[in-house]
Structures are given as structure tokens and as C-alpha cells.
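Following are the structures in question.
Two complexes come next, and they have one chain in common, subunit A, joined by subunit B in the first and subunit C in the second.
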Partner chain A sequence: MKKGLTKDLILNHGSDVLGYGGVLLCVILFGILSQGRLFNAYNLRILIQAACVYAILSMGAIFIYSMGYMDISVGAQLGVYSIMLILISNKTGSLLLAFGAVLAISLVCGLINGYVAVMLGLPSIVTSIFLMSIFGGIQVIAMEKIGINSISIEANMDLFADVKFMIFVIAVIAIISVYLFRFTQLGEYVKSIGANETATEYAGISTTKWKVIAYIFFGICVAVAAFMLTARSGAAGKGTGTGYAMDIMVALLLGGMPLSGGMKAKISSSLIGAFTYVILSNGLTLAGVSVEVGYVIKALVFLAVILITCRKKDGVLPR
Partner chain B sequence: MSEVVLEIMGMSKNFGPVVALKDVALKICRGQVHGLVGENGSGKSTITSIAAGMQPATSGEMLFMGKPWKPASMIEAQHNGLSMILQEANTIPGCTVAENLFAGKENEYSRFGFVNNRKMNADADALLDRFGISYMRGKDPIDQYGFEDRKLIEIARAVNEDTEILIVDETTTALSMEGRDILYKIVEDMVKRDKAVIFISHDMDEIMEKCTILTVLRDGEIRGTVTSEEIGQLNSIGMIRQLMVGRDIGNKFYRSDYDPSCSDEVVLEFTNVSGPNVKDFSLKLHKGEIVGIGGLSGCGMHDIGRMAFGMEEIDRGSIKCRGKEVESAKDAVEKGIGYISKNRDTEAVILQGPIENNIVLPSLKDISKAGFVSPKKRKQLADEQIKLLKIKCNKSRQWVNTLSGGNKQKVSFAKWIAKGSDIVIMDCPTRGVDIGVKQSMYSLIDQMKHEGKAILMISEEMSELIGMSDRLIVMKDFKISKEFIRSAELSEADVIEYMI
Partner chain C sequence: MINFKKLAALGLAVVMGVSVLAGCGADADSSAKADGDAKEAGTEKTSVETKHHKISVGLYTDHGRSVEAINAYLDGIDDVIDVEFNTFVLSTYDENANLTAVQNEISAGAEGIIMTADMGTEAILKECESANVYVAGFLNDYNMSFYTANEAVFGNEYFLGSVIDGPLDNKGYAEAVAADVIENGYKHVGVATFPDWAYPLQQDLANAFIAKIDEYNETAEEKIEVYEIAEVDFGTGLPATYFTDHSDMDCLFSVAAGASLVYPQMVSDNRTNIALYTTGFEATEDIENFRSSGNGTFKSICCSAPEAIAYPVCLIIDKLNGTTYSDLPAEKERVDCAAYQIISDDEMEQMKKTLYYTADYKDAAITGEDILSMCASYNPDATYEELKAKLLDLGI
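The block that comes next holds the complex of A and B.
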């Protein structure tokens, strides 16, 4: 019976085992490799600062990935929002106004990804490629217009760059997203759409409406993430935000999120994934691995996770 | 007794704590059409899927043509002469018919990495001709054909000269009349060439007509074998049913009354509705009435259901629910209409999800308070339905894809009962469902009628239409050709006359 229990655990909770196991493995492995430096107060602060943006983004992204969709415009959006935040707050002196403007634009992007994609009959990945290109372009043009490599924020961001505040923001977003995901129609519907969109529609649910709502929540998370990113670095440039879209995807996978979406999606995947990813990057550096080799190792880890989670074992082929 | 081609000895299969097969022993002989019958979940498909290499047995051995048999995959099984036609669709979209027929065999047609399409298409045409399906051609894209035709392509792909055993797993439910004839011809041809066929079907008439030997299964065990002499006997169907269900199910299969009365209140009204597959359709559905719609596949009856549920555009006319037009599926559900699709696995249930989530899906809005859905309320709602419909499962969190066909269909019903929909449109409500579940579905439908629900039952099964309907609408060429009122005298022959 005990053997059956283990088997059941792996079969039904494979992604959980992978997620929790992965983060545990990273902690132990790099804890040893870095001779305990992974856990010192200074490094923990760095970990949380780095994980903050990933965690916020991926908690929003879960709602999109649950539907079986992807978004690759996040990185470019982050870059532009960060520049906008700095420009507007420097000009007007009001951080709140700057954040409001960014929030408004991120909501419009959510509408484009959700509503416009459905209206035009496009897969959301197409509109997100479109947004990525537009925002990428705007970011470069804006920086060239300004004429310097990076701009710094004048407002005092010490409060927001504080680790305690970051933990607070992660916690707030986590509570909101867990609530939405587990106890509301939104969470149930995004999972249903990912598992079987047709059947969801046949149950009398307006899939378009809920898609838009999911994208809007994601948009809010992107805006908050952009704010936290700016608070942390205090500056923005041409390269701000680069790579975030793919990093989020990797983080979610590491957290045990199936890329096809559906009922196995969980918010915990995003938190675990974000921290695993950050510990992996940070641990490699602490262990003295060069940045270049670090990329290769991360690629191998990525491949291994894909092989474990996404391989189809029961493919039925003709002949 | 002719030569044994496949012998199964002491085969068991467990899925976790669930026992699917218990020490099954079976001999398949040459020149026989060996029928496997039993309720959903009795283990028929489990036996054949193990023999065809889809999954391994937990214990037990098999001998195929005298040699130990343990195929690792369906491909290996097929290479060695054991082919299986599956219940589910299994063609590759986006390819041509020929590419589907010769999938995995492209090497035989390619030189320097280029596939000789002309030769492949010609061979495909020859193959299709041999099976008598000449209206399909190798170069055609597969997507232009419907489900029934694609099934035929799968059959053509599965059967070849070297096939020793052909397993037909409930394929006929997915086929049209013509398609069935083609399949029967293949089966007869296999028998003539002294090969063997394993035949699984829920259609008892078909089983009695085509099979030369029957094995009855219940709860993963063999409960009896019926030989060809016994099959011919008068009361054999009753005997087999009793073996399958384990009790005498008696005569009360459909409704016992012949009272077609219902309320005067019209709940759903079609007025001169026309669309691509429907012409000038008018119908008034009353509260507490069961209206059956029958016809040949392609007569437009399935479109009627989809239109009433707002899933298909109408060109002319109107469909009104209590005087108000139905605009979309969402609107239909809000007006109290429920729809049970005939494509259960793709449209009616979420296979990759728990029973609970499936059942509560349409009702979430009703049980949520200011956006909050109480987990306790959800579970309660689902558990009520599981109990009411006797859905066989371990817990409400169990995934639907682990359920048998009949229980999946019960989940599909449960959605609308939980929602409290008072107009239920059922498209082929008992397709692929065994008699035990069928019987409980019929008594459920009867009960719904007495609760004042209006039911539109679209079906390809004549006997259930006659057995259940207050009014029976027959459709032919997109139009209503006849309307019958419930009576004891109505026979299948009367109805068929207006179908063709």
C-alpha cells in the first residue's frame, strides 16, 4: 500500500513534487556550494529584491498561462513603464500620478491582448508579439530622444526599495491572487478555458469577458512590477526589462506550472518558481560560476524540467 | 474448435486501488467474430487496450499465435498483426487523406528525403477503392471530411493483408449507416480469410447479428460465454442483459405510460427557422413535455439543438424562450436552457478536470456571493449530484477522464440538473452508454418531465425516441417530414418511412 501511495503522489502531484523538490534542491545545493553564504542576511536581502519583480509578474501571468496562453510582451512593457514612471515623476514630482499613467496604459494593453485578440480572431500570442515590438520600439526611441544612456528617478524611493516593503507587496499580491484564483469565478473560468475552452463556452460562460478580466489583472501586476523594478534600480535605460518575458516562462515551469494551462495550475507555482529561479541565478554566482557558464547551466535545467513535465508518455500513434 | 490465435491467461489490471480486471482468461479463435459485452467500466476496453499495446497488464500472460505476447506500443502490435480501431478520433488534422493513411510509412515513398506524393495518392486511392469508400480521394485534405468519414480512414489504415486480429472498439456508434456497412464487410472479409475479430459495441442488435461468440463481462470479471447456437435463441438478449447487469432489469426500460399530456405553457418556440442545414422549422415546446427529434444523420436535427442554445446562427425566423430571443449560449443558460452536446468529450465535459469543477461550472454564478465562491457550497452541490445520479467515483475531486463513458455522460447531465435548468436540450443523450446507465437516464428524463421540465431530445436511436417522446418530430432533408403523438401502436417501421 505504501508503494501505491508513493506512486499516487507522483502521478497526481508530480508538478508539486517537482516544484517544491526543485526549490529545496536549489537551497541545499547552493547552500553547500556557497558555504552558507546563500543564507546570510545580506544575500537574503538581495534574493528578495531580485525575486520581488519575478514573483509579482508570475502571479499575474499564472492567470494567462492557466488559459493556455502566453505573453511575451512583458519585458518590453516593463522597460517602457519604467521609463515613463521616471519621466512623469521627475516632471510633475508626483509618483502617484506617474503610477496612475502606467496603470492606465497597462490596462489598455490587457484589453488589446484580451478583447482585440478575440475580436480579430487572433491568438493572444500574436497580439503580444505586436505589443512587444511596439513597446521595444518606443523604449529605444524614447531613450534616443532623451540622449543619455539611462535616466534616474529624482523622487526618494528608499521606502519602496526596502526589503520589508517588498515582502509586503509580494504578500498583498499573493493574497489577492490566491483569493481570485481559488475562490472566485475568475480563477475557475481561466482554468476551465485552459482545460477545454469549447466546453466552457457550452456551459454558458462568456469566455471573452473572462479573458479580458484575466488580462486586466495581469496588466495591474505588470504595472506594480514596473514600479518595484524602478524602485529597486532607481534608473531605467534601453535594456531595462529585457529577458523578463522568457524568465517568467522559465520560472513558472520551474514552479511546476504546465504550459498548456488547465486545472493543474496553482498560484504557488509562481512563487516557488520565482524563488527557484532567483536562487538558481544567485547561487551560481555565489558558487563562483561565471555568468556565461551560468546561462548554459540554466538552459540545461530548463531542458531537464521540460523533459520531466511535458513529455507525452501515452502518445497513440497509427501504425 | 478452430485454432486459437490469441490466448489471455490470468490477466489483471489495477489503477491504484481500483481493480479494472480480475484474473481474466480468454481465447480468441480464428474465423470468429468475438463479441465483448458489458456495462461501461466492466473492463472490455481494458482487455483490448492491453492486447493492443496501449497499456501493460498488472499481471497475467498472453500468447499471440503461439508466442508470448507483450507489445510495448500500438505500433508494435500493429506491425505484428494486431490492429485496433479506437473509440476516439485519431486522425492527424491538416494533412491529406493519403498522408494519414500512410503515416509512419513515408519512407516507402520517399527518395532523397522527398516524398513522392503522386505515388502515395495513387496507392491511397487504390486502398480506398478496395474498402468501397471511393468518394474520398488520397489528395483531399482530411479536414474537409466529417467525423464519420475520418473514422473510415482510420479503419482503412488499421486493416491490411497481414492483420490477424482486428479489434473494433465501439467504432460503429461513430459511423453512419453506409460506414457501418463498410465496416461489416471488412469484418466478414476477415472471417472469410480465417482471421479473427474482437467486437465491442453497446448496440445489442448489432452484437447479436454480427458476433459468432460472446463473452460477457461485469466488474472486470468474465460472467459468461454465449456460443453461436445460444445467440440465435429467442430470449438470449434478456439473458445477456441479466449477465451484464447482474440483476433482471425487467421490462421497464423506457416510460411505461402512454400519456402525452403536458402543460399549455410554451417555453421554447421556433418560428419558421432557417439556416444552412435547416429549412422552415417551427415547433412549440411546452412545459413538462418531451419532444423527440429523429432522422438520418445530416438531416439537420443536430443543428436545431445548437441553434436553440445560441451556438449556431439562424438566417431567418426566430427562436424564442418564453417570448424572448436567445442570443448566445450565455444568454440561453441565463434563460434556463441547458444543452447536452453529442460530442461529449470535446464539448460537454472538461476531461482534464475534476468532476466537481465540471458539475458546478454553469452554476458558479448562482452560488457566488459578491464574487466569492464558497468551496463548501461547491462541494455540496457536486456531491448532491454525484449521489443523485449515482456517478461511480471515489471522490468529487476525481478527474473526469478516469471515469467510464456512462459516468462521463452522467456528469454532463448533472451540470444542468445542478443549475436547475428547466429546458434541457439533449443531443444523443445515450450515445456510447451501456444499458444499465441508459435505464437510469431514461427514468431520470421521465422524472424531469414530471418536475415540469421541458425536454428536447435529439437522437439517432429510434427505439428511445419512440419509447420516451410525448411528440416525435421526424426530419428529412432539413425539414420536418412528420409529427407523431405518443401512442403504444407507434412502431419503428412507421417512423423510418418518413426518414428516407
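The block that comes next holds the complex of A and C.
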């Protein structure tokens, strides 16, 4: 009976065990190796600061990955939005106006990502590659036009860089995400699309509509993440946002999210994954692990998670 | 299949655990080895009573001969000067990544940070100020901060100054290259630099080179043709069309990492017959093909000594010990150091005896003892001007 329960736990809740177990393992392991420094007040503060943007992006991205899709334009979008925030804010003196402009563009991009892919019959990754190229180009051109490597914001963003405000934003986004994911049709249908898109369509559900809504919500999260990113460093440049698309994917995997999407997707994967990802980097530094060994460990963890979370019948990669 | 996957994952997790522990063990081992090395090199602890400190060094990359040399140097001096060094990697494009990396180092106990990249400096200084941690620069002219955030960075009491990568005015190298180009009779010359916004000082070098060639052309019967300046991309290197657009090019002055970002393009275009004068030093193809060696493509290289890190180390140690030079200027400085300007086989032979090339602390031009004697904390007679003068002795 006990053996059967364990087997059931591993087979049916493997990703949950992995997500919660992974973060717990990291906390215990690095707590010991860092001689308790992992838990000091300063370190807890910087963990939250570092995880904030990842957590916000991951909570938006989970709606996309649940469908078995992915968006690799997120890094380039983040970079352009940060630069726009700074330029508009510096020009007008209004942070609100700057954020409003960024939010509007992010909504349009969400629409393009979701709708154009369906209209043209393209895999969503193709439209996200298109957006990545467009935004990457804009980012480079904008910075070369300005003529420096990085621009700073003139407005005082200390309030938004405060860890209490970051916790507040993470909590608000988490509440909205959980509500949408668990208690609305959006959550049900994105998982359903991920499990079997054809069957979902045959059930009379407009997959196009829900895809677009999912991408729009993700767009809002990207805009908020760009705001928090800018608040933290007070600057943006040619390379701001680089690598975030991959970081988000790794964070979700670490949280136990199957890349192929489907009914096993959980919103908790985003938060657990974001914090595991940050604790892993922070813990390796605190434990005195050298840079080279750190790379190897991260790669092994990534591989182990892939092996556990990939679904047997489908491919590992998103559509 | 599932069982195999679980087993494989479990196996990897075990390997991960072992790696973590091995990593920590390796750290301790390397420290122990450094002790041994220091003794072998005849640099046993001096009688000076030192205070233990922990300084983190943020490097702009995690590989290459320069990094190997810096690591070897830090391993060599750590025991002598009683400083525990930890190196980490900085991003040259992401402010937030650098802030996170510095925060992690502070959390790990760093009292001072040496940075080789400028991105995110304002936010980093704000963080360091609140954590009472000092910052100084190395291989870094802090050009962006110097011109766009001077007060916030150079006016911050937690920023101590920076030693740049070679001389602030390195036109002497450009003029020496131009003289060699003229002497060797090259007539079709290309010039390449990194983007102006990233390395404005390099434009000065390119302009000084062109000015020297123009000066020659005023009286020369057969003039030297200089092509338009090509911009070298950090990721993709020299534009692929630069050689095809100038099929008669016989010489190229690349003020931008020639070995890693220009030479590969020359190889793929089968144009290694072009004489390459460049900056940077990888100790790979550039040394195998230097002048009389290999295909002879490389005619010159230019880089600076890893020992220049002594400047930020001394400033941080003194600040942490609460002492200061009697002649330390109130304004934080961007100081320069002499460069290795290698334009002949003889000079390359000298280069092969340096720490940069050998990555062996025994070849260091500034030893741990030298650093102690240059710190005001450990030598009351030490002066800031002597520290700066030492940096100017490092070149070839």
C-alpha cells in the first residue's frame, strides 16, 4: 500500500515533487554550505530583488507554456520597454505616461503574437522570432542613436526598487494569475490547448480567442517586469533583457513545468521556479563554488529536470 | 523508460551534489596551493602585520589568457597580502545582472569589489554604499560613468578610482604601427575599431594612425591608400564584406581584439597574407603566427599587464584599514598604466617572460611584498604617486 502510494506520487505528481523538492533541496543544501548566510536579512532581500522580474515574467509565461507554446521575444521586448520607459519619463517627467505607453505597446505585441500566428497558420515561435528581431533591431538602433552604452532614468524610482514594493507587485500578479488560471475559462482552455489543441477545437472552443488573451496577459506581465527592471538598476542599454527568454524557460522547468504544456501545468511552477533559479545562483556564490563548476552544476540540474518533466508521448520542446 | 529517466535524473542529482562539494573543496585546495606557490616563489609571509580582508573581482569574461593570468596573480599575492580574492563574471551589457552578481558577492562577505565593466555602476554604488563596501575599477576607463554620471560615480565616497587598460593616451602605439607600416611598404591599408559609443579612446588611436599615414602621404611619391574604418561587432567580429570590398588590401590595423574577432574572418576568406596590426593578446593564433612564426600574419599586439590590479587592491586595502596616502587627491582618478606594445620578434620574446604570457606568479612584475610596501596601511612612507609610477613601469 505504502509502496503503491509512493509510486503514484512519483508517477502522477513527479513535477510537483520536483518543484517543491528542488527549492527545498536548494534551501537546505545552500543553507548548510553557506553556513547560514543564505538566511540572513541582507541575502533574503537581494533574493527577492533578483527574483522579482523572473517571477512576474514566469507568471505571465505560464499561460503561454501551458499551451505548449513559447515566446522568445520576451528579452528583446523587455529591453526596448526599459529604454522607452527611461526616454519617455526623462522627456515628459511622467513615469505614469511612460508606463502607459509601454503597456499599450505590450498589448499590441501580445495581440500580434497570438493572432497573427493563428491567421497565418504559423507556429507561435515564428511570430515571436519575428518580434524578437524587430525589438532587437529597435534596441540597437535606439542606443546607437543616443550614442552611449546605457541611459539612466532621471526620475527617482527608489520607492519601486524597495523590496516591500516588489513583494507587493509579486503578490498582486500572483493573485491575478492564480485567479485567471484556476477559476476562469482562460486557465482551463490554455491547459486544454496544451493537452490536445485539436480536441479542444472540436469541443467548440475558440482556441484563437484564448490564445490571444493568454498572450495579452503575458504582454501586461512583460510591461510590469520592464518597469520593475528599470526601477532596480535605474538604467537600460543595448543589451538589457538579453537572455531572459532562456532564463524564464529554465525557471519554469525548475518549478516543475512540463515544457510541452497541458493539464499538469500549475501557476506555482512559476514562483517556485523563479526563486529556485535565483537561489541556485546565489547559493553557489555563497558556498564559494567557482564560476566554472557553477556552470556544470546548473547544466546538470537543467538536464535532470528535463528528464523528469518531459512527457513520454510528446516531444520535449514546445510547439 | 520512466525508470531509466528517474535513475538518470537521480544519478545526475548525485553528481550535482558531489560537484558542489568538490567545487568548495577545490576552492580550499587552490588556496592551499597558492600558499605553496607563494613559498616556492620565495614570497613567504613578511613580518608586516596585515589585516585579513575579502575582495571580489568582477571580470568581463570567464576565459582567455588574460583571465588565467589574473587568476594566477591573485592566487600568488593573496597569502602575502592577507586578502581572500573571489572572482566572478560581470556582464558587459546587462545592468541588472551585474547588480545581482555584486549583491551576491556582498552577501558572501566581500568588503571590496574590483570591477572590469561599467554597466550598472550607479545602482551598484548605491548598493555598496548601503552595505559599506568599496568599489574600484581595473582594465576599465569608466568612460560611460565619467561622462554621463560623473558626480554619481566619481563623486561617490565608495568609489575609489580606476586603472584603465593601458595608457589614456595610447597614440604612441598607433604612431609606432604607422611607422612600421610605412617602413614595410604596405600600400592598401584597412582600419577597424569597436563602436565609438563603446570604446571612444580607440577612435583616437585610429585617428592618430591615419594622421601619421596622411603626414607620410604629403611627401610620398607612392601614397598609401587608407580604406574607410570598419566597425567590429562584439559578437560577429569584422564585417564579412570588408575584405571582399577591398581585394587589394595588404595591411589592416585593427584597434579591436584582432586575434578573436578579425583573424577568424581572415582565415575564412583566405586572406592571412594581410599584415595584421592589432590590440589585445590571446596567446593563441596571435603568438603562433607572429612575424617570423607560422604564417606571419600578426605584426603587432598591444595589451596591459594584469599586475595593474595592484592599484585598486591598494586603494581598497587602505580604505578598509582606515588609512590613506598623504598625497591622495580628493578627486577620484582614472589612472593609466604602461602597455605591452609588441612590434618585433625581440619584443615578443620579452613578452613571453611576463606573467600575462606564462600565467605564473613567479614572473609577476609587482609582487605581494611590493603591494604591501605600496599600501599606506602597511608602509607609512608609501605615496599615491609611487603607486601610479609603478603602473607606468609595467610595459614593454
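FYI, the second predicted complex is superposed on the first by the 306 of 319 C-alpha atoms of A that agree within 3 Å, B and C clash if a C-alpha of one lies under 4 Å from a C-alpha of the other, contacts with A are read in each partner's own complex, and residues count from 1 in each chain.
By definition in this document, contacts are C-beta pairs under 8 Å (C-beta built on N, C-alpha and C of every residue); 3 or more make two chains touch, one makes a residue touch a chain.
Note that the structure is predicted; figures quoted are calculated from it, not measured.
*Asks:* Clash or fit: subunit B and subunit C on subunit A?
*Replies:* They fit side by side.
*Asks:* On the A-aligned overlay, A:N196 touches which partner chain: subunit B = first, subunit C = second, or both, or neither?
*Replies:* first
*Asks:* Is A:G121 touching the first partner subunit B, the second partner subunit C, both, or neither of them?
*Replies:* So A:G121 meets neither subunit B nor subunit C here.
*Asks:* Which one hits more subunit A residues, subunit B or subunit C?
*Replies:* C
*Asks:* In the overlaid three-chain picture, which partner chain does A:V53 touch, first (subunit B) or second (subunit C), both, or neither?
*Replies:* second
*Asks:* Per the contact definition in the header, classify A:Q185: touching subunit B only (first), subunit C only (second), both, or neither.
*Replies:* A:Q185: touches subunit B, not subunit C.
*Asks:* With both complexes overlaid on chain A, does A:G262 touch subunit B (first), subunit C (second), both or neither?
*Replies:* Only subunit B; A:G262 stays clear of subunit C.
*Asks:* Give me, in Å and rounded to a whole number, the least C-alpha distance separating subunit B from subunit C in the superposition.
*Replies:* It is 10 Å, taken between the nearest C-alpha atoms.
*Asks:* Counting contacts the way the document defines them, which residues of subunit A are shared by the two interfaces, the one with subunit B and the one with subunit C?
*Replies:* Correct list for subunit A: none, the interfaces share no residue.
*Asks:* Spell out the part of subunit A that touches subunit B in their complex, as residue ranges.
*Replies:* By the definition above, subunit A touches subunit B via 4, 7-8, 182-186, 188-189, 191-192, 195-196, 198-206, 262-263, 314, 316-319.
*Asks:* Quick one: in the complex, what on subunit A touches subunit C?
*Replies:* 10-11, 29, 33-34, 37, 40, 42-43, 46, 49-50, 53, 143-144, 147-152, 229, 232-243, 281-282, 284-294, 296-297, 300-301, 303-305, 307-308, 310, 312
*Asks:* Which bits of subunit C are touching subunit A when the two form their complex?
*Replies:* Within the complex, subunit C contacts subunit A at residues 1-2, 5-6, 8-9, 12-13, 15-17, 19-20, 22-24, 26-27, 62, 86-89, 91-97, 99-101, 103-109, 118-120, 122-123, 131, 144, 147-149, 195-198.
*Asks:* Of all residues in subunit B, which touch subunit A in the complex?
*Replies:* For this pair, the touching residues of subunit B are 16-17, 54, 73-75, 78-79, 86, 90, 100, 103-105, 154, 157-158, 309, 311, 328-330, 332-334, 339, 341, 346-354, 357, 360-362, 364-365, 368, 371-375, 399, 415.
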